[in-house]
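The structure is given below, and queries will be raised subsequently.
Chain nomenclature is as follows: A, B, C and D, assigned in order of appearance, with residue numbering initiated at 1 for each chain independently.
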Amino acid sequence: MILATPLSDEDCGAQSMPDASPVKWHLAHTSWFFETFILEVYEPDFAPFHPAFRVLFNSYYEGVGDKHPRPQRGMLTRPSLAEIRAYRANVDLRMQALLLSDICDDNCLRLLELGMQHEQQHQELILTDVKHLLSLNPLKPAYLPRALQAMPVQTELEWNTFDAGVVEIGYRNGGFCFDNELPSHRQFVESFAIGSRLISNIEYLMFVEQGGYENPAYWLSAGWDWRSSNQIAHPLYWQRQDDGAWREFTLHGMLPLDPHAAVLHLSYYEADAFARWAGARLPTEAEWEYAVGELGNEGRQFFGTAWQWTSSSYAPYPGYAIPDGAVGEYNGKFMVNQYVLRGSSGATPLGHSRASYRNFFPATACWQYSGIRLARSL
Amino acid sequence: MILATPLSDEDCGAQSMPDASPVKWHLAHTSWFFETFILEVYEPDFAPFHPAFRVLFNSYYEGVGDKHPRPQRGMLTRPSLAEIRAYRANVDLRMQALLLSDICDDNCLRLLELGMQHEQQHQELILTDVKHLLSLNPLKPAYLPRALQAMPVQTELEWNTFDAGVVEIGYRNGGFCFDNELPSHRQFVESFAIGSRLISNIEYLMFVEQGGYENPAYWLSAGWDWRSSNQIAHPLYWQRQDDGAWREFTLHGMLPLDPHAAVLHLSYYEADAFARWAGARLPTEAEWEYAVGELGNEGRQFFGTAWQWTSSSYAPYPGYAIPDGAVGEYNGKFMVNQYVLRGSSGATPLGHSRASYRNFFPATACWQYSGIRLARSL
Amino acid sequence: MILATPLSDEDCGAQSMPDASPVKWHLAHTSWFFETFILEVYEPDFAPFHPAFRVLFNSYYEGVGDKHPRPQRGMLTRPSLAEIRAYRANVDLRMQALLLSDICDDNCLRLLELGMQHEQQHQELILTDVKHLLSLNPLKPAYLPRALQAMPVQTELEWNTFDAGVVEIGYRNGGFCFDNELPSHRQFVESFAIGSRLISNIEYLMFVEQGGYENPAYWLSAGWDWRSSNQIAHPLYWQRQDDGAWREFTLHGMLPLDPHAAVLHLSYYEADAFARWAGARLPTEAEWEYAVGELGNEGRQFFGTAWQWTSSSYAPYPGYAIPDGAVGEYNGKFMVNQYVLRGSSGATPLGHSRASYRNFFPATACWQYSGIRLARSL
Amino acid sequence: MILATPLSDEDCGAQSMPDASPVKWHLAHTSWFFETFILEVYEPDFAPFHPAFRVLFNSYYEGVGDKHPRPQRGMLTRPSLAEIRAYRANVDLRMQALLLSDICDDNCLRLLELGMQHEQQHQELILTDVKHLLSLNPLKPAYLPRALQAMPVQTELEWNTFDAGVVEIGYRNGGFCFDNELPSHRQFVESFAIGSRLISNIEYLMFVEQGGYENPAYWLSAGWDWRSSNQIAHPLYWQRQDDGAWREFTLHGMLPLDPHAAVLHLSYYEADAFARWAGARLPTEAEWEYAVGELGNEGRQFFGTAWQWTSSSYAPYPGYAIPDGAVGEYNGKFMVNQYVLRGSSGATPLGHSRASYRNFFPATACWQYSGIRLARSL
């Protein structure tokens, strides 16, 4: 809720593209998750807050029944933001009552954990979706005033090398993880090297200025078509000014491009083309996860700066089992035509930064905080 | 502004389809018209309220320069509704000052008149656009509480007949009219008959229930394709309930279909198909205008109930001259692939109900209050 | 059939766009017309040549039943061209037998006349469709060798003027005409002037070179959008060479643009924009028909050079009645969102050149031999 | 060339969808490959057969320059099929002369091998593309008369099991292979079982008849959307007759569905949904390749019946290097958003059936001979 503070009611209601959702919808949907998957099952004398909400705020759970069409979420000017706030307060109260009772069994607690993790994922989406909405506005409004920031000191890019071998992949500590991080299993990685930090704006700018976007030799065929039909010549939020200087749209409005900050908001196609131009490639998710395990805190910028595209298609781990019931639609049914991103961004809630976490988006997605870490085969 | 009273800030910001605009945008655009076409020319030391508004609230005037893309109007969550209100107040004050000065010459007064007529046209659009937006909401909210209404008494449909002859068409009184009503000129009409009232819901329901939407013999070829690819089987805001009864979405929410009220929200294709089914046709705009001139107050439902489709394509009158300057883009450039509607609806501001007034929409438009008056050749 | 002589089997089978049809399909469809509307009714012991042809070669007659989807006509590599030739020969023989018998009554003879007129219309379409197909081929092949042609002598454009008055419009001689030319009726025309000849390539080239395609002031709003989204900057078959000279694709291959020949292959939008640029307008169809009646043979280029766009939307004449049966779908159901062209082109069969003949196409169509005759109100 | 024997010139010229090409184009393109990549480099005094062919018959090689737009290949009625035949004969002769000379070095011989393998790939595409074209024809013509076929005896589906371990993947014999089969490398596979044969029509029919296409629980989310928006309810070439019996379009025309033959022409989405319904999954490509290596000739239907979808996204092997020059565009640039199929079909040239061969198509493709082999984790 705190995330909505700098936003007007109007900001919270608008939907900037079918891939994004209104802030208001995120707020309602995360409470809907608790109401539908926990309260509806465990609350004695359950009665829905509003019967229509079951459909209105269902994202994609076919097992729950009908759902409001995704591209039409911006049309829901009613219920109002105030009503959504009341809905959230009501669900919170009912959840508290449930937890104080002895009704909530182990499965209930697992769903509670999942619901909170789910809400945290949506907190990140609120920031990326608001950024996209505001970027479309010719006034280029800021979401937040600009905090003073020390200029990051750019270090030399180094290569950490690893020998070939069988490695253990997937979550294997106690505590919460998503189903797509399981089961822990073995993979063989051939020897490889991975970059010591993310690619910076100035490095990516060299690619832009040396004609990287005009040379099909660097691009996947589908990436070249995407670039051509969308007339893409630079990262999503970059803008070249009349004087030739580059600026970047941020949650603090338009700012001069910071040369040593990590380049952000790239599609898979752009990340892959840059890597080829640089004589390298993207890491696989196994290489990435293994490197983090080995390097530990030595590794720079694994977490907290940008999601890092891997060359791995989003697929189930060997032995992966979809959970029963509608909650089973959480991850498994999206395992096609998407690519895995590893790490986390500055917008990611803290608890989501772990080596086994798998984020995923289509190759064309660039409204997320997505960047580049290079790798090489040895 | 009074029209926005029952609406939340969120309601005012949403755009339900490219053809419609957010209420907020209508409010800003009508003041933009005064600022751009009058204040910018006549105001001493003119300075714009906000430099970006010239582009943001330009509807389609190429002569004014760039314009914000029409389908993106719903993305303008900034400026806020409060800022738009401040903009309107500011323009109003400056217009008052201008009018109290001796600067405003005859041309200025003509533009003032045009600006006020323009604003009235947008008042009607606000109502039709809000209706469309609310109709998309599964909660089917009401814009206004329902006033008590006496059931209209349905009269027999009669035919008023007219002999062939040369008739005078177009505006020829003093006072304001739009350029497209000029010049007054002569047309020859062969003898014809025109219906004494509009077609009612119950009459249109017969067409629906006797398979009117399933028989291509009643339809123009393009209309049949429109019906098929949009899966249309009844008027836009009608809904058949599980028990078979029909309801209609209105600005008062969902209401039972009133059998004797005029049928509304038809496309040209539907109006034309109904007419063929009924063994009649739509009137030409010359026939309609001539009939109103002859029948005067005897004619029922010419004004204030529904815009009435004519079979006349929207075209310039002989000798029509486009006004100089950007204001010249008001009407003339739309004279292709649209059909003329005559009369006025319950949402039309009073001063717009006159015999020579020409409304116009594409053959597919049905979100306006558009209905049917029949005609026949004799 | 003679029209297909310069074409290979492959040429005859290809469909260059949904609006066009393969030559083979034209050949089959015109015989289908005789088989379906005459033989099926009058032939004793009627048996179809091939049961599937009834569906395959139905163009748009809903009353006849199913039809093969229009954009899929190029997929019909079977039946082969040879089989279509056999079909045509078979229908011709059966038609001859029918005519030698005493079975063919007056209605049958009327259908025979319509069938022959229909086939002549398709002869023109074969030429325009083949031209479009060959124009898409990078080899720019010629349909016919180039005949020697005298350079046409360009005359001064003069204006023929006419007084206002009631004029008689529509076909009123004996002999055949299409239903859309009826009934003959009266219209009032205000005084006007009409150009003594068509607009030439050199005149249209001035419009192009003086930025006519870059200035929205000359264009209808929908025309400007059409131009922009299709990136149109000159007539369909023109091509600017590297040396700046213009060439034009013709049925004789690419030829240098003939400056004094009539400009051809314009959309309604282009014709209308040119007229506005030239300080004139397009004629209405009543003006055009009246002028031809008055000027007779004095009028230059009314027939045989180019179809001439009028500003009249294609609509039924007062009292127009759709013929009974499936043949009634011939004209009436297309009377929306199309504009009337008058005259005839060099590809038009001779008997179709008459003052009352109404050709019609959407405002975007430019693969027909369509040109410009200007008019002015006085 | 022999493949074109049962086809008319018209059949050879038509293009049934952007994904498919006309037979004539395949014939020209495969010779173009030899002329462009070999003759142009090695032939003394090289002169192209026709200068325009370099562009016309370039499939997707950006390094070669412009190319004719893929969806427009069916418009190329010129050059004629006879001219293409002459082109092929000419290239064949020049290639023979080159090979008899001492000019052709090792690299030249490698390109020759690649050119022949490339032509064999297109032989298979000719069959699948012709099948698709003929299937669109309502006459459902046969490409070949039906050979007598013994009814295949259906065996019980058994599971071959394998222990976890590091396996060697990729081509490692002498002789030709494609670049995407290299380098040979190690992968770890967890223990798994793989089906002893392909899924049959009768087994797939159970999925259809038990509502497999109506239950979202079996489908990937993107697959469910694909099914819904294309209204897919059975495999591409199946057709349910009025009497409820199923028929299948084949190169021999419509035939009764053979219950014990392998189900064919499935998309990845359908294969994946069937596997989930059956309580199994698709194999990874490493599992598939390892199983073939172990089972050798014991394995049933690995080759010659159907390409078998794997769950592996098409990606480069570790250490994969794109060959230099335009030939480098052969495989690598397509490694995104496609899935690997292993094995071979009845239309595959003999030499292409090997354990390491990687075919690949988007998840929506179903006009290839693609079927299902199941797997399970243990």
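In this section, contacts are C-beta pairs under 8 Å (C-beta built on N, C-alpha and C of every residue); 3 or more make two chains touch, one makes a residue touch a chain.
Predicted model, so just to flag it, every value in this text is computed and none were measured.
Trainee: Based on which chains touch which, give the shortest step count from chain B to chain D.
Mentor: Shortest path length, in steps: 2.
Trainee: For chain A versus chain C, what separation do you get between their C-alpha means, in angstrom?
Mentor: Chain A and chain C have C-alpha centres separated by 56 Å.
Trainee: Between chain A and chain D, what is the gap in Å from one C-alpha centre to the other?
Mentor: 35
Trainee: What's the distance between the Cα centroids of chain A and chain B, rounded to whole Å?
Mentor: A distance of 45 Å separates the two centres.
Trainee: List, in ascending order, every residue of chain C touching at least 2 other chains.
Mentor: Touching at least two other chains: none.
Trainee: What are all the touching pairs of chains?
Mentor: The list of touching pairs comes to A-B, A-D, B-C, C-D.
Trainee: Can you list the residues on chain D that touch chain C in the complex?
Mentor: My answer: residues 8-14, 16, 24, 52, 55-56, 68, 72, 74-81, 133-134, 136-139, 141.
Trainee: Flag every residue of chain C that touches chain B in the complex, lowest number first.
Mentor: 60, 62-63, 164, 166, 185-190, 192, 216-217, 219-224, 268-269, 272, 281, 284, 311-313, 315-316, 318-319, 333-337, 363, 377
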